[in-house]
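In the two complexes that follow, chain A is the common piece, with chain B as its partner first and chain C second.
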Partner chain A sequence: MRWRAAGLLLCVAVLAVSVLLSLSVGNQYFGAHDVYLALADFSGSDNDRVIRYLRMPRTGAGLLAGAALGLAGALMQGVTRNPLADPGILGVNAGAALAVVGAIGVLGVSSLTGYVWFAMGGALVATVVVYLVGAIGRGGATPVKLALAGAAISALLGSVTSAITLLDLSTLNEFRFWVVGSLTLATGSVIGQAVPFIAVGIVLALVLGRSLNQLALGDELARSLGTRVMVVRVAAGLAVVVLAGTATAIAGPIGFLGLAVPHVARTLVGADYRWILPWSMVLAPAVLLLADVVGRLVARPDELQVGIITAVIGAPVFIALVRRRRLAAL
Partner chain B sequence: MLRKSVLPVLLLGLLAGCGTSTAAGPPGSTITVKNCGIDVTVSGPPKRVFAAYQPAIEMAHALGISDRLVGTAYLDAEVLPEYASAQSKAKYYKNLPSREELLAANPDFVLSGFNDVFSAGGGSDESFGSRKSLAELGVQTWIFSPLCPTADGKGDEAIDPASVTMDNVYADLRGLGTLFGVEDRAEQVIADQEKRIAAVEAKVKNAPRPTVAILRPGLEGGALTVSGGPDFGTVLIKQAGGVNAFTDLTSKRNVKIGVEELIKRNPDYLLISGCCDAALTAASSQAEVDKILANPAFQNLKAVRNKHVVPWLFANHSAGVRGAYTTEDIAKTIHPDLFK
Partner chain C sequence: MDVSSLVWSTVAVALTLAVGALSLTLGDYRIPLPLVLDTLSGQGTLILNDIVLNGRLPRVLVGIGVGTAFGVSGAIFQRLARNPLVSPDLIGVNAGAALAAVLMITVLGSGWIPGGALLGSLLAATAVYLLAYRDGVSGYRLVLVGIGVTAIIGSVTAYLLTLADIYTAKSASQWLAGSLAGRSWSHAVLIGVALVILLPAAVAGARQLRLLELGDDLARTLAGRVELSRGLLILVGVALAALATAAAGPIAFVALVAPQLARRLVAERVAGLLMAGALGALLVVASDLVARQILAPTQLPVGIVTAFLGAPYLLILMARANRIGSGG
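Moving on, here comes the complex of A and B:
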């Protein structure tokens, strides 16, 4: 118990370091002093502007989207007892991205508080469709079948998103980032608007930890222990839709983060969701920010979108999980 | 260096016992002109021409072969005023046709302003197929020489920077003039271009050389797209008395850069390369200009401080007969005192 809390503090320290790296490393390197000056004593110099108007929103987007996706992944794994559950793999992010592109491109919605609802709606519809498709046939919704259904639906939704963004190159160029996630498009005001949504999702997710532990024992046993299984499922689903939807509204569809980080957390702290959830919430943004920093450095003067980096890191984890024999062990 | 030679080839002419063949040639003779390393052979001036992309469409009108166009596709902006009436009579496809649609128009010649239509996995969604595969069907093809890929089927990644010259536009005009039997018209167009460009170059000769960046509107995946060294804009900016701020990026014509790279390079002028609609004008990019001027991250850019962010057109910096027009246009923007 005590070491888990200490470990969580260590995770927070790792997160703090990755925030500092995200503010200082990129096309140009800024020392801690430059970063401090830009935040505390803004003078309007080139450095100050790059840090405050480019790297800060970017870091904020990484913090919010990372925390949201880490939690969403842990929740999905817990509530479905599916080790392959991840908002990216199960099509939730792709559904949200398509809904956002539709809202912005077709309906002309322009503020995050406007299109975040579409993102959540898209996330919800995609989740349901993936579940229904995955449940067809013998054996019901097994983890691998759900993952396959999610991949197929993601590909379908992603190609519709691409098609919309290609329809009108002149005005929709900037929405191409909805095809692969990126932290660079969110401005300070967008992030401010997203904070309350993420906060609601975080609270909802964290209070579910105990119930998820009981769900892990199986529906029957959980029920006999007094857990209202259906209520927990719906609440968790709601939290996933809010978290993954908002994360996608900020940063586009980012995959694998919600898959890999909860597994890392589970390896470190054991099967207790009261710990897996907060560890995932803190580790995921650290991983996302570090991935973004890597993306800034490997293809200069261009930058690789963070969604590409997380896929490169996360795909081997996914393969390792699928190949594990005790797949349905959660 | 890309070379282009005009080689009248005698085939049937010899069999029939005729003496020589000129470029215009007696019936039965063929003409061959080399384009991007590929022999383009016609047995008479092509009569059914398909022009893909703005530069090809404008060059066809400039050469006076508008009445031979069976189709024109994918304008990036309004055509220059001198071609407006001719273009209004041409059949127009908003998007590039597929290979099948193209062949359904039964062309005997495809003139393309960019190389991607003939590249297998090129930037465009529609590919006409490689030039060889079209030649096998009796359809001759032509790519603008400043965009020659090093091999048939390849695209922008394979442009030889040394071929990105106005001389190669003239070589295209001459080559097409020969194939289409409009040599005199071609020479007139070349003379006009040379005269106008020389006039600008003389005027800006001793002026300082500001740096100019050509920037696509919007962000793609959070990155900006600028014109790199192999883009024809580099030549045009130079002729106009400036320097492309991204000349050293030579991997492709359109290079993606992070936003911070633009701030670091801090060019004197930003030309916003608005694109891709037959009714587009430079003013259409004004909204993007306003966005850049208002972006707090860009407030220290020289171009932003001096309001040197210009709504502009992608069509302007494509290789072709816009060369003289665009050289004048950029020069007026970056050397306003010399062009009062």
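Moving on, here comes the complex of A and C:
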């Protein structure tokens, strides 16, 4: 108990360092003092502007999207007792992406508060369809069936998305930067609009920890312990939709973060979701911000978008999980 | 080949030709069928020659060629893995070819795309196979590892698109969706030559494998030859998918759907291979007709139509496999 809390504090410290790095490292380097001045005593100099209007929104996007995706992945793994669950693999991000592209390209919606609802709607539809298809037949929603259903739905949604983008050059031009998964697209005001959505999702997710522990014992046992299994499933599903939908709306479809981070947390703190959830919530944005910093450094003077870094780091985790002899249910 | 196989394959080929002929008549200018036939026999006007012989005919021929190649390639993989989901779509072969081609379109700005596509798909297929290998290769592990590798390849491909100027990015994305727009005779010749070489090899390989697998005792003494003909068949399957991707982009789900339909119509395996090719051709040519007409004058890439048809079919296939308990 005590060491887990201390570890969580350590994670918070790591997160603080990654925030500082994200504010100071890039094509221009800033010392801690520059960053402090830009935040505390904004003078309008070039340095202050870069920090205030470029680095801060970028860091904010990383914090929100990272926390959201880490929690969403942990929730999905807990509810489906599925080690391969991730909003990217199970098609949730693809559903949100299609809805956002449709809203921007076809309906002309332009503000985040406008299209975040579309993103959540798309995430909801994709989640429900993937779960229903994966749950048909013997054994219910096994990891393999869910992953395959997610791949099929993602392929379908992806081709509709590309059909929309191919019809209009300017939509394609925006979309090709967004689809990679990037923290540079959201402005400060967009990020401000996303905060309440993420906050609701975080509260809902953290409340569910105890219930997820009981679900891990199996539906029967959970029921006999007084858990309302269906209510927990629906609440967790809603939290996933809000979190993954909003994260996709601000940063594009970022894959594998929600897969890998909860596994790391589980390895460190054990199978207790009351700890896995907050650890994932703090570790995931740290990983995302560090990945973003790496992306700024490896291809200078250009940048690698953060979604590419997370895929290159996270997909091997997925493959390693698949290679385990038994895809043991969680 | 028994009677019903013969009937079904005749029907498939006839339908393909009929849809192909219809495609030659439709477009920005409608050309009545008799005029099309005149033009094909060399009696057309200059304009008709240009529209039919240089515009629509190569497009239809490329459609038939890549459809056949994807269908046969899918049939080979499904037969070897005994798993309907092991198709070049899902195990990274098409993604590897696509990455190599996009690399050549956007960054290198040149290069021989078929060669690059072949190399890319071979590398991707080898990576997936090695990563999935663990005391042998199970079909589901192959598919899941393929999903992971495809994700990495896909994100690199998407990154390349952000580097290019918007017009190059547009043509690369159109190509990535799987498109027959603007296909010329050089594409038709490419896929035609590929089929002339690889189809007989596929049939010969499948026939030999069937003979080798017939007798257990014989097979045990010939185990090395079984592995060899399996390996050659895999190579042929990868090459077919790669060259089809080089000619028309990774047209989604054709390699997955065509062999499944073929299996339901034709039981015998070597004939089933050819039937999968015929149905693949029909699927691509018909889908391309829909893609050209449905939002005319705007043309959709053919791969979007095949994805619309194929993804629900894949879900039904999975649901059925799950219900009878053979799913993962």
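The rule is short, and it goes like this: the second predicted complex is superposed on the first by the 317 of 330 C-alpha atoms of A that agree within 3 Å, B and C clash if a C-alpha of one lies under 4 Å from a C-alpha of the other, contacts with A are read in each partner's own complex, and residues count from 1 in each chain.
The working rule: a contact is a pair of C-beta atoms (placed from the backbone, for glycine too) under 8 Å apart; a residue touches a chain by one contact, two chains touch by 3 or more.
Note that the structure is a prediction, hence the values are computed from the model and not measured.
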Clash-or-fit label for the pair chain B, chain C on chain A: clash
Contacts of A:Ile319 with chain B and chain C, given as first, second, both or neither: second
Which of chain B and chain C A:Leu183 touches, first, second, both or neither: first
Which superposed partner A:Val133 touches (first chain B, second chain C, both, neither): second
Partner chain in contact with A:Ala152 - chain B first, chain C second, else both or neither: second
Which partner reaches more residues of chain A (counting touched residues only), chain B or chain C: C
Which superposed partner A:Leu166 touches (first chain B, second chain C, both, neither): both
First (chain B), second (chain C), both or neither touched by A:Leu54: first
Which superposed partner A:Gln305 touches (first chain B, second chain C, both, neither): both
Contacts of A:Ala199 with chain B and chain C, given as first, second, both or neither: neither
Partner chain in contact with A:Gln28 - chain B first, chain C second, else both or neither: first
Offending stretch of chain B which, after superposing on A, collides with chain C (from 5-13, 149-157, 167-175 or 311-319): 149-157
Chain C-contacting residues of chain A that also contact chain B: 166, 169, 173, 176-177, 180, 302, 305
Residue ranges of chain A in contact with chain B within the complex: 26-28, 44-46, 49-50, 52-54, 166, 169-170, 173-174, 176-177, 180, 182-185, 296, 300-303, 305
Residue ranges of chain A in contact with chain C within the complex: 84, 88-89, 133, 136-138, 142-145, 147-149, 151-153, 155-156, 158-160, 162-163, 165-167, 169, 172-173, 176-177, 179-181, 255-256, 302, 304-305, 307-308, 311-312, 315-316, 318-319, 322-323, 325
Chain A partner contacts - residues on chain C that touch it in the complex: 85, 89-90, 131-132, 134, 140-141, 143-145, 147-149, 151-152, 154-156, 158-159, 161-163, 166, 169-170, 173-174, 176-177, 252-253, 295, 298, 300-301, 303-304, 307-308, 311-312, 314-315, 318-319, 321-325, 327-328
Of chain B, residues touching chain A in the complex: 125, 216-223, 249, 255-261, 263-264, 274-277, 280, 284, 295-300
